[in-house]
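What follows are several structures.
First chain A sits with chain B, and in the next complex the same chain sits with chain C.
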Partner chain A sequence: MVLGRGVKKLDLVDMLLLAALVGLAIVWVAPIVWVIGLAFKPNDVLMRTTGGIFAPPFTGKNFRDILATSAVFGWMLNSFIVAIGQTFLTLAISTLAGYGFARTDFPGKRIAFILVIAGLAVPEQAIIVPLHTMFAEAHLHNTYFGLIAPRLAFPFGVFLMYQYFKGVPREIEEAAMLDNASRLKIFFRVVLPLTVPAQATLGIYTFLHAWNEYFWPLVSATKPEMYTLTIGLAATQTNFAQTEGIGFLMAQAVFAGLPILILYLFFQRHIVTAVAGGAGK
Partner chain B sequence: MAGISLHNVGKSYGSVEVIPDLSMEIISGEFLVFLGPSGCGKSTLLRMIAGLEELSNGEILIDGTRVDALPPGQRGVAMVFQHYALYPHMTVRDNMAFGLRNIGMSAGEIDRKIADAARILEMDHLLARKPSQLSGGQRQRVAIGRAIVKEPKAFLFDEPLSNLDAALRSRTRIELARLHQQVKATMIFVTHDQVEAMTMASRIAIMNQGRIEQVGTPLEVYRRPRTRFVAGFIGTPAMNILTVRLLGEDKGGAVVALPGGQRVETRVPISGLASSATLELGVRAEHVTTGGGIDGRAEVVERLGDRTFVYARLPDGALVVYEDAGDSTVSVGDPVALGFNPAQVHLFDSAGIGHHAA
Partner chain C sequence: MSAPSQARPVRVARRDADAVGRRTAWNALFIAPYMLAFLVLLVVPLGLGMWLSFQDYDMLAGYGGPVGWENYERLLGDRIFLGSVRNTIWFVIISVPAFVGLGLFLALLLNDDSRKSSFFRSIFFGSSVLSVTIVTLVWRLVYMPDRGLLQNIAGMFGLTAPNFMTTEALALPGIAIVTVWWIIGLPMMLFLAALQQIPKEVYEAAALDNASRWRVLVSITLPAIRRTIVLVAVIEVILQFQLFGQANLITNGGPNNASRPIVMFIYEAGFRDWMLGYAAAASQILFVLMLGAAMLQMWIGRQKDGG
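This part shows the complex of A and B:
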């Protein structure tokens, strides 16, 4: 944190708070630093000790080994396709459904909305078996559609957008009606631009979740060429003898996390909002 | 510029009847104010004219053409909302241009209209800003500007001043009155604030529970309130209302008695009063004189500088407010003797209908 001009000098309470925050941050960051450190250590050294990560010898071999697994970029591509596909489709569906529930009237709206809300209470794991059966019967396993589709019915997203649309004053849409705008134009030109913060929240949340998702791809993607990065990396470490070593494992973790880190650097501001519950404007 | 006719307009939400049956003619070019307490159906009525609310009954004509089936955009009206309803993500310029672009106006003409409106409202320097960068008063201006550029047949205002502070409110009142003279369009203005109504209106329509109690110029409704409701609603402080008993007639005017027995002469013709079960006397503070035969005791003294309002308690418990000079020496607890100017006394019968001096 940089103290800008005009910021008052720190008093004792501020100092204590700052110290506590720094302490917590260190506790939180330490394992990550350790993981990164281990990723750059030779595996045979780590067989003896996992301490002393700041002392040589260092090596880039673990990362070279990952890249040498020729499939890894394919898996990364799969992860991107799934995460981006899921993000855009979730945004589209949640936004349209949220607007529909918030602003239009149709028969069965109450029932439909109650179903959506009820969906909030269903854990993903609870429906994995029927989902698996369903996709198996439709021969949709090992397809991008199969990887993307199950989480598109995302009640939280619908609910979030519904709440957000509710918060947009109706008068603004009415003003647009008096301004001769069609319903579609009102939606796309007047209302949608106002929901950008909510879209960012939902989009980032969905992308992160899709990128880290392990359970469903594990069930659905059984062919190596359809693995996502999480499944692929996990598949390379199934030997319990740990011949590939801890350093290699850590390098995998770092590698899988890199795209998220890059995403974070770009969307830092929105992610903070997303984590804070989308309350910020 | 257009006349607007409301024919037997009714509105119900389910079983709740908000406006039972309302008819009135709004004259082309006038500044008509719908005035009434909150919840009386003013916004509902305005929104029905705008096309934002469907009619349950009746019809609305603008310039002789039926519009109640037309969508809001095609009625030729512009509305200024209570909370401004600006498009938050658009600049002031785009806020004003949006409606014009939607009807396919050329960019050159749009620019010209925005420039004109910005000049009238003195807001050239705001055109590039977003609504979030404006003060409340400036937002209000933009909302009015957005209406002006459309050159509507009629302007509809829904309590547009209620979010402004007192100083800004009175300034905007003057500007709206000036604007009305400039653009000469029909303006319909809804408010619960009688000062706004009195200061701006060509005519005021006073509403109560979805019905129109009286339509008239500000002075008409002030001087000759058609009903007790109007009498109580218009004017600050509110008109004194006292229960009275009819005694008889003297010099062509009714003579009544206060509950304490004091005799009050009026110039109100007696015809139609005798049959009324109860009678109420109404008299404004400025028509209560000192030095009469009604005794009381000053309870509250409100000094406004140019004049003083004294609230006096009568022996029968009634409270009467009267206007005294700015340098009045009355203080709380002093005995006062009051009289009512007979020409300015109103009587309200049991149906609430007002009877005035001939």
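This part shows the complex of A and C:
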């Protein structure tokens, strides 16, 4: 264990630490395993007891019910459209702006940059009430654009790309400039290909954030057919008190959580660096 | 036109040392799309929100004109609001040390390339990718009084599990447990990234000196990642000040308002009762509190840096 790189033998402290680690891991995994188990149990059994999830009877009825009745597919589609749209637009405008701030010069740049950096301190909650009124005036609620747009204003992505461009050697562009290449040509042919790692980081970060966003969709998407997955599931949770549907609720949670967990397992390494790298900046 | 003769004026015209090429207004086009979004969707609503906080603006009763500081004065006399401020600060106080402590603990244990460590890292980070609604669904079921997972386990020992959702004193700690379970991955990863920056030679020297692992931790590792500890604390304070979804979905602010955070107050005032001026004023107070807390922490971090 790393606490003592010098120590080679597994001593008592090591074993205690390992036990603590395993214990914590169980706390992290157990609720998920349990919920997956419940999703395969008949509701009338769950009415009486939620123990013994590994013992029969099992049923696929909860999942069949989802396929037949639940709006979860529509919500998932909405979440996808919003998350993809937000990711794509964030990447485009952040990369352009990050490059503009890091590598070009123009009148007013300093003041614009200071403004944008100050914007990093503004939390979503500080502006959500007036923003909601503005979108209501413009009839943008319950539209994809209305769900996607607000997040584009937050400067995090610009700041991340700015940092990245600062680290790219200037000589590459200067050489291209000597060849009389136009500014745009340099940006698209020379600079953009270099930014793929940063794009991946920002892209994953933005996608996850958009997929899990709660407050804005809650107040903007008020029509059930415009719910994102997060909001749709929140709406069904109000039925939680009538416990006859626990199995169905759990199946829905499993169904909704699985795609993102599978994505996570596939892209684990990238997701981890993206989130850690993003927040560390 | 030969290339070298072009290079010279280019360098002279530049003011920003890192910039490449001429200083020209055309370059502003690079930032134009973002600045449009920034101004329309962030600067304007921020200003509008500040203005709104000084207005009597109730969506149901209509616009009643400017009222000066009245919204703020009313907030300071509103027991629900003051309770939400207290709840939020209490939540930050109990959750942030848990994030920093547990995040650091996990990072220290998992800071190597072994398969075992990578396996455990995936487990502790995995829950972060779930959305708040799934997490709360899962945990409401864990906390469920009669048939929850917690009660099932306690029942095996003939005990009764504490009811986190309906006991006033336990509501916020219960939400804090859920929150730590949900997003411990981020602080853990930030600490791991910092630990990997520490040069291996330092540890080799300590091993030669036969320093105990506790000494290595206290006199080498912790000082080396001091900045990250402050960074994680600041990030977590900012994040946990924004507590909303978990409280809204697990306890709905209850029991008896014991777990209603500021953001939920803003949500209810602005989007349930439609008192826009009042909600906007509460937003400004949250903003100032968050800025103040973050600055205080950075200041504390700097003091330690100097001393």
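Everything below uses one rule, namely that the second predicted complex is superposed on the first by the 237 of 281 C-alpha atoms of A that agree within 3 Å, B and C clash if a C-alpha of one lies under 4 Å from a C-alpha of the other, contacts with A are read in each partner's own complex, and residues count from 1 in each chain.
Here is the rule we go by: contacts are C-beta pairs under 8 Å (C-beta built on N, C-alpha and C of every residue); 3 or more make two chains touch, one makes a residue touch a chain.
Note that the coordinates shown come from a computational prediction; the quantities given were computed from them, not determined experimentally.
Judged by the touch definition given at the top, the superposed model places A:Thr50 against chain C, while chain B stays out of reach. Touch criterion met: A:Pro169 reaches chain B, while chain C stays clear of it.
Shared-chain residue A:Met177: touches chain B and chain C both. Within the superposed three-chain arrangement, the count of touched residues of chain A is higher for C, of the candidates chain B and chain C. By the touch criterion defined above, A:Ala221 reaches neither chain B nor chain C.
In the superposed model, A:Ser94 makes contact with chain C only, not with chain B.
When the two structures are aligned on the shared chain, A:Pro193 is found in touch with chain B, with no touch to chain C. Touch criterion met: A:Lys185 reaches chain B, while chain C stays clear of it. In the superposition on chain A, A:Val35 makes contact with chain C only, not with chain B.
With the contact threshold set out at the top, residues 174, 177-180 of chain A are in contact with chain B in one structure and with chain C in the other.
The touching residues of chain B, counted against chain A in their complex, run 50-52, 71-74, 77-79, 81-83, 85-89, 98-99, 102-103, 146, 150. Every residue of chain C that touches chain A in the complex is listed here, in rising order: 1, 3-4, 6-7, 10, 14-16, 18-31, 33-35, 37-38, 40-46, 48-49, 52, 106, 108-112, 120-134, 136-142, 144, 147-149, 152, 155, 181, 185-186, 189-190, 192-193, 195, 203-204, 206-207, 210-213, 216-217, 231, 235, 238, 241-242, 244-245, 249, 262-263, 266-267, 270-271, 276, 279-280, 283-284, 286-287, 290-291, 294.
Chain A contributes residues 1-7, 13, 17, 21, 24-25, 27-32, 34-35, 38, 46, 49-51, 92-94, 96-97, 99-109, 112, 115-116, 119, 121-134, 149-150, 152-155, 158, 166, 170, 173-174, 177-180, 183, 187, 208, 211-212, 214-215, 218-219, 229-231, 233-234, 237, 240, 246, 249-250, 252-253, 256-257, 260-261, 263-265, 268, 271-272, 275-277, 279-280 to its touches with chain C in the complex. By the touch rule above, chain A contacts chain B in their complex via residues 169, 171-172, 174-181, 185, 189-190, 193-194.
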